[in-house]
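Everything on this sheet refers to the single structure shown next.
Chain IDs A, B and C follow the sequence of writing; residue 1 opens each chain.
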Amino acid sequence: MEIPYTVKPRPDTGLWNAKIGIWLFLASEVMLFGGLFSAYIFLRLGAEPGYWPKGLLNVPVGTINTAILIASSVSVVFAWAALKMRNFKRYRLCMMFTLLCGVVFLGVKLGYEWPAKYHHFGAFIKPEARAKYEEFLGNEHLAAKGLHPRVEISGHLENHDALHDKEIKEYHIRLDAVNADPTSPANDHPHFWPRPMSDKVAHVAKEDVQWASMFLPKHSTYFAVYYTITGLHGLHVLGGLVMFAYFLLPVSTRLYQKDPDHLANRIEVVGLFWHFVDLVWIFVFPLFYLL
Amino acid sequence: MEISTHSSHSGAGHDDGHHDHHELGFWSKYVFSTDHKVIGIQYGLSGLLFLFLGFCLMMLMRWQLAYPGQALPYFGAVLAKVFPQEMPNGIMTPDFYNSLGAMHGTIMVFLGIVPVSFAAFGNYVVPLQIGAPDMAFPKLNMASFWVFFIGGVIMLISFFVPGGAAKSGWTSYPPLANIADTGPAFHHIWNGQTLWLMGMVFLITSSLLGSVNIITTVIQLRAPGLTWMRLPFFTWAILVTSYILLLAFPPLEAAGIMQLMDRVAGTSFFSPNGLIVSSLGGQLDISGGGSPLLWQHLFWFLAHPEVYVLILPALGIVAEVIANNTRKPLWGYKAMVFSALFLGFLSFLVWAHHMYLTGMGTKVSAFFQTTTIMISVPSVIILTALLISLWGGSIRFTTPMLFATAFLPMFGIGGLTGLPLAFNSLDAYLHDTYYIIGHFHYIVAPGTIFGIFAGVYYWYPKMTGRTMSDTLGKLHFWGSLITINGIFFPMFLQGMAGMHRRWYDGGHVYEQISGPMLHWNSFMSWSAWLLGIVQIFFIINVFWSIRNGRKVNTNPWDATTLDWSTPSPPPHGNFDKPVTVYRGPYEYSVPGAAKDFSPQAEA
Amino acid sequence: MLNKLLGMPLNASEHGFQVDQMLEFVHWIMLVLFVGWSTFFIFTLIRFHKSRNPKADYHGVKSKASTHIEFMVVLVESVFLLGFGIPLWGKRVNGPKPEGGDVERVRVVAEQYKWNFHYPGADGVIGRRKTELVSASNPVGLDYTDPAAKDDIVTANEMHLPVNKDVILEISSKDVIHSLSLQFMRIGQDATPGLVSPIWFKPVRTGEFEIICGQLCGYGHYLMRGNMVIDSAEDYQAWLKEKAANAGAPAAPAAGAATPAPAAPPAGAAH
């Protein structure tokens, strides 16, 4: 017994099954990411002044990744259109391009952006010890300008053993630009182009540190949401890639020969999914990179 | 091929090339089946087993509540062997009590009621009621069952890891749930709370896939002539339920992922600054900055809609059974449908009535008090309509009808006792007392579970081709009705006296508060165990009748909906001939008609 | 009357009788609805049994009575909501201002499985606290280098309050969520770590009353009992004096183990 309306739309609803299915699925995805984004808002509004970092992420790289994802969203549409015009070669080319974009996106994310973060280190200074580290924090300068205080000293951890070894009493941090020259007006606000690290090394006593860790999820609520949302988004990208790869296999060729519209419908469905993945990124990018 | 225009040949024995006629092997026929009927029965059996397991956990707890600190007789020795840490010498530890409580709630809600009332009946009955050959996405359907199954297995495994199953309540409030099952005695991953979270992620995913499938099926695969206002109320109820599940569950999935991150990756989504836990050696080594309230919002954003998920399918079943056994149309069918839709919509706007004591300003609290009061209105309308439907009927008390009639006042008690809770200032007194436990158990136990029983007795002939025994059924009914009230009614007294839930010793520590009400504990426990014994009638009935029940034809109840216009059990593909619908769902005793029922499919 | 029948314990706060009154009203309404519905229900089941009514009536009820009843239910509910529910809560939230003269302020700090009550002492000022200083002998982490901290009183599981005086409790927690449930005062409030949640009420009856921990907080949740003693004004001053004598650093207040205070006699009978 065959299920009706898998390819042809039902006359009174004007839709075929999978199209309704994917829209419903996307509705639930909206709620899923909605839950995570509301956590972002909740945590950000609840953060104490200075505890929600800004300008830590690499904006140019993020921009490139955004462009890549948008390009791939366009190319699935072309793939679908190619099928509708019965141009199977073009379809395969478009799909390969989409697949490639997705792979590059994930590569940048996992190969560059994430590692760049979790090789970085930051130490939150206790409120009562902040005056001691004024040369790295520049809080008088910030207070005079009415800006949020700086509560963290970050950079490259030179003595990596300090993380685990209780005998080592200090962190040696090769400083980020903001901490190297905290009173420079250039550091008051985040920048599009990331500013290079300095050669200056600060020695921060562990007893003055409230909490320190590499830029891992546990580092702060900011990185917790950052890794969770981008991680879940990455899993969605991966899911999309698996499907694209599937549609480049010979099974699809056979389906095309049998019923090209069926294949076109399937591409439309993954396409919708892919647009959604793209859309999530369109929210991620400003929320984490820009604001 | 379109069912509406072409005849389908399945079951008729034609040798038609592209149809699925070849015999399927055992595995693909009964285990990895894509047939909605098989999947429905798979859900049903595993759900009933979980329901029974959840009940068994509670029967254990009721021993501790009635006779705190005493060794459990007979079973105690066995449990002491299986759970040496949790039941030393047959005496329950506080941690084990908390595990059982949390798992009772979880299993009942997510592995018992939802799989049976929504997934099993939804899968089995909805495609039949709308005249569809199967679900819209049969493979996805199979996937949802197996994802559910994995979730269930993970929950079961969690009883046997070091330290035992999750013990922070079915609500899993952090920071307690964040720090529970951590420390040197526990494995980093294989511990109760972490497994609970992983299990939940699977169960949620399964529900999401299931609801996508059901909504699509109802929209797309209705038989010709089956317009929206001709849908049986049960199908409407399942449709609204699916939509609630679809939109309410994902935020809990998000929350579950965040709690997993807190436990596994050391993040602080739900942990504020400066937590000091003496049992874990003082200040916790975490960044802090999170919020325990965030979890509560996300949890209740699901869990309130979830309670309507627990009740709507049962309301649907009860409506079918009442229409059939009063031999007249449902009174106010349209009002019921719109009430169900309104209920579904509004259920997303009341969640914070579970959080009245978290410290809420007047404005927020006024909002949630108002929406909570508003949401009682559609329930009143549905219940009133069902009640009035009885008037003028020719009522026959078959076993399903007995359960369906008892459902009405039981749901009434549960629903009415929700009203005082809706007011913030009264809830400040009643919050987390046994009054709450009484409130919702009246809805889910003699309510939903009775609805489920009614459904089993009603559709059993359709599923197996044989009826269940009426005598056993009536014993089961009267025994259950009496004992179940013996369990839950005293809870209102205990609650009004101020006794709180989740008390390991049943309240002995608080002499002043629980002194006057303590004696009820053993009465309630004995009622629970008797209820357990009464279930034997049901279990015997289910298995005995498969071979020995009276054989039935297509339509043993003289019912009108499409599920009764196909052989019992229906063939693969469901309908021998294409069906067309000519009238509304409950055309019983139509004036001037020859029979006292006019099936939807008869011209 | 219905409340008594349902076993509600006595009320010891000023606003509590309003809560009781409303609870009583609501239960009456519920009872009336239930009895009304049940009467109709049982009558119908008997009257329209198939032995009495072999042929069903296609149309059933034609009157509009149910709409009227439903409308009445909505009306009564709205009266409760607008007339009592919201105003009553409004009063709970907009209590006496903390600075406003004649109020007693106590900090409540919950931990697994014990209540700490922190009084400002003679100077009326709560001393400085630090998380690092928290220990078994200094449960709220008072910094005794602060002069304001020296006279602070910290008790375990025992809270004394004067009768007929407004009380503000500022509730927080060190570890997990607990809930300060004062059934005899008809009020409760979650103790959530990271937040300070105030509640206020006015005790109007002396005696000893149990304090319940109302939120699952671990294996010892069931025994996290506190004791609230409402004293006459003189007794209260005497108690404060006695406690003040051994206030100050170090390890002044006897930090109780995770066991409840000694059993209190049932207050309902005594007063």
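One rule holds in what follows: a contact is a pair of C-beta atoms (placed from the backbone, for glycine too) under 8 Å apart; a residue touches a chain by one contact, two chains touch by 3 or more.
Every value quoted in this text rests on a predicted model; they were computed, and no experiment measured them.
Peer 1: Suppose chain B were not there; which sets of chains would still be joined by touching?
Peer 2: Minus chain B, contact groups: A | C.
Peer 1: Please identify the chain lying most centrally, where each chain is represented by the average of its Cα atoms.
Peer 2: Chain closest to the assembly's C-alpha mean: B.
Peer 1: How many angstrom between the C-alpha centroids of chain C and chain B?
Peer 2: 32
Peer 1: Taking each chain's centre as its mean C-alpha position, how far apart are chain A and chain C in Å?
Peer 2: Their C-alpha centroids are separated by 45 Å.
Peer 1: For chain A and chain B, let me know how many angstrom lie between their CA-based centres, rounded off.
Peer 2: That pair's centroid distance is 38 Å.
Peer 1: Show the residues in chain C shared as contacts by 2 or more other chains, in ascending order.
Peer 2: Within chain C, no residue touches at least two other chains.
Peer 1: Quick check: what residues of chain B touch more than one other chain, meaning two or more?
Peer 2: 291
Peer 1: Considering chain A alone, which of its residues make contact with at least two other chains?
Peer 2: Counting only residues that touch two or more other chains, chain A contributes none.
Peer 1: Using the touch rule from the top, collect the residues of chain A that touch chain B in their complex.
Peer 2: Residue positions touching the partner: 1-5, 8, 10, 13, 15-18, 20-21, 24-25, 27-29, 31-36, 38-39, 42-43, 46-48, 51, 124, 211, 213, 216-221, 223-225, 227-228, 232.
Peer 1: Which residues, counting only chain B, touch chain C once they are in their complex?
Peer 2: Against chain C, chain B makes touches at 93-95, 98, 167-169, 173, 175-176, 179-180, 271-279, 282-283, 291-293, 326-329, 331-332, 357-362, 365-366, 369-370, 373, 376-377, 380-381, 384-385, 387-397, 405, 408-409, 412-413, 416-417, 419-420, 422-426, 428-429, 431-432, 492-494, 496-498, 500, 502-505, 509-513, 515-517, 588-591, 596.
Peer 1: Write out the stretch or stretches of chain B touching chain A in their complex.
Peer 2: 1-4, 8, 10, 18-20, 133-138, 140, 208, 211-213, 215-216, 219-221, 246-255, 257-258, 261, 265-269, 286-291, 294, 297-298, 301, 572-574
Peer 1: Any idea which chain C residues touch chain B in the complex?
Peer 2: 3, 6-9, 18-19, 22-23, 26-27, 29-30, 33-34, 37-38, 40-41, 44-45, 48-50, 53-61, 66, 69-70, 73-74, 77-78, 80-81, 84-86, 88-90, 92-94, 111-112, 131-132, 134, 136, 174-177, 179, 181, 183, 186-190, 192-195, 197, 209-210, 212, 214-223, 225, 260, 263-264, 266-268
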